[in-house]
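Order as written gives the chain letters A, B, C and D; numbering starts at 1 within each chain.
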């Protein structure tokens, strides 16, 4: 593996300023194409929004064995050069992009970057995991007790050690063994010397889709990564399904888990997935626009302009404008040259915060009543700063409309969320938040409104919710056992 | 000066794919603040769209003399770290961002990166220049003949040599002497040990604004760079004006040139300037939206969706939708992690071209009649690729609407344009372009329509045009004498 | 761990040109000093001759846990900066420098760089190993079969996995368990959260010494690394001994292995160790000078000058001159700015070979009968080139005198040797070698002469040799079982 | 030009510790070979001892014009890779290595790295200069007054500006004009588009030799750089001679200066030149050995061992041993992995000083009377530390023998010397120095002894010295006018 330098003493602009939840990973795999690594790199580039800190690619070629490279930084900077890509030969490959998890001690190390690799007596296997294993700490303790040596601090490494200890004779069966022991959310793309494997946990919390590229096959977190390489979208991997694909193009579909009712993550629709991806047969962009429409119906307000907080609020703002008739305008402009981190910036630059990234279109805003549409409010820190910028520019009124319900519970299924007490909505009512942000009005879409926007015309089925919405509802479909052991308090039964 | 590495063998994504003209420079200066370099860096970051290849900063502190750093790459990567910024002490500083000019032989060298510095017998001066000197080659020959040694291939270096040879006793007077010898377009920000100086050429082709920051003063290409540092916009430097600002806050306004009627670059409104800047008292965003409105009036078409080619077509698309009533939609999504260059990418990645940057929202486009709004057509290469992506996604019809008139003449005033024969509009009529692009319709805004959108309700005054529109009209307000010497054919008198 | 970049496509100057065997590793550890990492770095710098490719340091501080960094390149470049060293806090630390082994597939990866670390249920441990485990492949197969996941291609990683699977309750006992399973040569420096541990295999093939530094203790491959930090040499760790040192300065000496007669590597005296180190109570420099004396007695020749092949032939050349009376002279001068590798050099530079490093003192050599003293002949490639350079310079006669017996067998105990058929002495007699090198005479010291020079006045005890001299004699004190399994033919019994 | 990064905040090991004078430059040029840059790089590598901080190469090829690269660091690291060298095409090239001059303000900038280049009306020229111009400051003031813009702080840049202002019609004549205006020491290698030019100042203070390589010609500071590329030594360029070499192999020899008696730098024999170079028909090594012989005659002492201070004291120590009969031994061992600078080392490492580089062979020294032979004493700081190391190791007596007379005057002809008051010999007598160093004896070779060793059997001609020995005698053959203007006191006439 060709390691690369982590940024030294970085100033994480997003962590300080952006008021967002962050997907922790994207996965991608391809089999049956020449120079698979190029396709994996392009796929990961299209999935970069799911993880910006680091990425890795593993390939296999009979004459070279397994090859691998893991790098800090954007795929476009790390996995495009001829000199790196020629170290990754073969027609079978998988890749992973990752965001750093808030819970880890200290900065991410290159050893934490996936795919993880293990050599078994019947050959090697590499795995890339999107999601989070909720019983990882207990599993790790048990494995160490028995003599396994962990190399990373990642929960995902458990899977490879469980596979190593399985008594099964082939790698797919070992993976079944291993995944039956893990709890939580997982969309896994894995490979052996000859097979590409995709698995989704029984609830199907994280996405995973299957595509066709000539005679080859592709697995990807989202469809936008099929588009970039010109692959055709075939279908989603189903919750609880495991597909095993051979180089000659055969696909075997297995069901290793006890069947459960699916609970896809509703926040993928709200924010995580790219607007040009298709989830559950629906355009993500169109769903978001529809959230704006619902929001305009639920929480109308008289105003002169509807402005998105760029870029994630844009589709909902378009919908809000179309439903309400209030003109849509780019009241806030994003600096397109803004990167994610700085290396040891000066104090003055560090203090600039959101102004490095966003600027108000002053000539447009002055004297106007402005509706600002954002996708979510997490800590509320960015919302406050944006409101101040808008008022400084002379807006007459500021109305916030939020395209998701109040985020009041942390996610334990592969999303980087602050501790519960840092979530604004965990400690304040909507009116308290309005006062805290000091805006003329603040409204979130209702949970039912959100369900309607994703196509559930009857809204949420509270007996048996159609999605995982734990971050809004506090109802966790899989018990977060490691967290409970560390003292996390579940929502009291009502 | 702390030099930095130029990208080795870069693959210039924009040069290959993007069908745009490019502003070549942005300039910024500040006096009377502590740690001036921080402000200059932030200003340059806000002006990054005017030049992405390299940047430079010069400062002066009595105890350290002149300090300077020039770097390849984005300001956010090169001029934010404590270790670089502490090498640039002082309360007076200027900076420059540059785009590489197509005409230069080979790649830009660090010695070509401004500000340029000269030591004179009465002290040193640094200058940063936005624009282009149209008689630079003749001046250079003359200066070399007399014993000047040029260090760069830049036209701007002439200014500093002309200053060195002036018989005036102070630097501002030497600058007046020098600038009276140069022809073409120039907005210059300069500094001595004690003074910040700003000059605009008599036609005022390139912008330059004055701002106030506490007790200090700021000069900047655009107002968006005042916003980022919290400076107040005071006024534009007038065409033909030279301002000399002392650290104690006094401003002297001089008129070194023979008065002429101003001819501001109209393309700054169309594309170069940032939408959140204010030019001539008008929001650039609002002007672009108005271009869309005019375009919808001039060239309506029945359709299901209006989609911008992101990001530059967005304001005009909004205006087009608002005027026409055809719904606005994000039919094309831009990958926000796309950088400008790759280092020696693989052949496969090089061939991806525009697909690395843009993806079609397939679920939205399928079966729809789509109006695509773009800001301009230069070579037409990107337009073709976008049209193919849209048709591949199943659009029923594709109609291009262009927010500027046909670009049929090169710019010689500081904009990177291809040779005339590479400009699609130089060799084809509108209908030939439509056939070439193979779209259902193609319409450009008229020159009069553009003038109306920038506020000239009577349209263009053809006797005495209010703007420089040479790229559309072929009418050059300053004779491009170096080019003519090299064989460039002016438009035949009608 | 802070990873670093391996050199991309390096041209290994030594591998191509130098006719030497290479020690594969140096180890160092310290306990009971503040900022242990600084001492480890200095120690490794002094041991750099034992491994130039990469180095690693692990430290432990109660408040930070284990910290580690592994880097490609020289210690002086990688482990001196404040920014790296401050990531390695604590008063207890170990380190390792490594040379790449010829047998490994492909280039060294950062994951192959020691110390290796393992987390056990009773806490973590790090180990650094000098030597080679001769049954590593069999052990690795067995461990993988049982579910261990190997991260590196290093034989040394077996030790940490054996420790992980031991049923002992404390780490030193687990290490005893593990080392009883491994065969071959090993000098190990290890650490837990509180203890520094040193072990030498029962034959004591590789060196390991104990030093005292104030109230702290030091373990090092050689005494020269005690000198650099001002530590006092206490004694050698004995063959088969394990010392466990606590931070309060207590040393426990254990004997985990079945006692055997020691067989220290005689080549450490000839070439590997630094001339300023002390081995077995003898100055290495003085031993080498004495080899020259013996050589002058065994193989005198009439000549004008005795010249060393720099730098390793120098002490023996001094001894040869002193014994023979032929004047000593620097007939070959070494370029002190020569590094070990180039990154993708041009063809012309690649072809320069030894001339990049050595130059003949032409004015001195012309017309002279020259005795060249070198430490060994491995492939003979460099010897040929040097002879040609000397003749080109006009020498009248060239006589080679070699300070070791013919190297005709590979080493399997931690030295990088070519395959047997590449060793000149494995396929040619002394006279055939002389003809091959085309010199006037060629003589190697006898094995008995070498033993006399190291202080064995009776020469080699052929029944029970006092040293490991397998590279000369083919008599391997530990059976190289992995090699035999792969087809290596032991010397036929006589 | 491809710029490179200067070391940031380097800790200059030599400047702090080493008690040496440093040559400031080496120059090299070649014409009439394919891929000239490769030869220049190899030549500069062989001349690296004359300047380690930075290097530059300029080449010319008709189809590419002039190409150039300037880099910080060793030639072997900066000018060997294919990717750099292919940017330097052509069959004509020159190069330069430089050491930083103590007098400059702040660290060297890449713009200070030679060769310097100037474009004149009749074409371009590049020059590389070894030496120092003693009236550079006056010339610079005059040139700036007339409108020249200086880019560097180097005295050598004056030459190119003087050439630019010459009224001559061809470049060699302009160079004659320019060099007639400069005072001081200069060996210059220059090139035009078609010619390679070499010049030595009338006194011939710095060396410059001519070599033949096939049909091509070579100019070099020393003969060792001819050896590395296999060129044949033809002759020295004579003091006051200018050679102009055309690609077809013609050499024109000119005499632009008023004839003077030559005064070659005697310190080139003592220390600057490489021991394998030939100066004035004599092997430098042999001259140094002869200095040791003279020293043994002048200052014998009873002792057990003669040890060189490595590496520069080695030849004289060999001569001392041979003349005195006291055995030669390597009592001090140099760490061959020691580089010249560290980037921001920790305080502990910074404090190690000379121990990072040298170690005493303790087993050899204990109880012995040791003669240490060093080439010179400048500040005396290193000598003190070495003496302490030797005594710590248990030496019975320490006798210093110095292979040059007391250095009591600074050099102004291209050597980096401390200010006069920092020179130990400027303020102390030999006995005071002995007490200061606290050694048993201290003796310098006499000035006459040194002259005898370089072949002047009658010693120094005090009326008309054969060499420049200003650093010993205070008799400056060219008046250091810039220095005198700044207050430097010449030696009072006796």
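By our rule, contacts are C-beta pairs under 8 Å (C-beta built on N, C-alpha and C of every residue); 3 or more make two chains touch, one makes a residue touch a chain.
For each chain, UniProt lists the protein as follows: A, B, C, D = Amidophosphoribosyltransferase.
Treat the numbers as computed from the prediction; the structure is a model and nothing was measured.
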item: Any chain in contact with chain B as well as chain D; value: none
item: Remotest chain, chain B as reference, centres from CA atoms; value: C
item: Centre-to-centre distance between chain C and chain B (centres being mean Cα positions), rounded to whole Å; value: 61
item: Distance from the mean Cα position of chain B to that of chain A, given in whole angstrom; value: 37
item: Separation of mean Cα positions, chain C and chain A [Å, integer]; value: 49
item: Junction residues of chain A, two or more chains touched; value: 83
item: Chain-to-chain touches, reported pairwise for every pair that qualifies; value: A-B, A-C, B-D, C-D
item: Contacting residues of chain C [partner chain A, same complex]; value: 1-6, 8-9, 83, 105, 109-111, 118-121, 141, 144-151, 160-161, 164-165
item: Chain D residues touching chain C - in the complex, by the definition given at the top; value: 35, 38, 41-42, 45-46, 48-49, 52, 74-77, 80-83, 85-86, 224, 227-228, 274-276, 278, 282-283, 285-286, 289, 311, 314-315, 318, 322, 327-330, 333, 335-339, 342-346, 348-349, 352, 355-356, 359-364
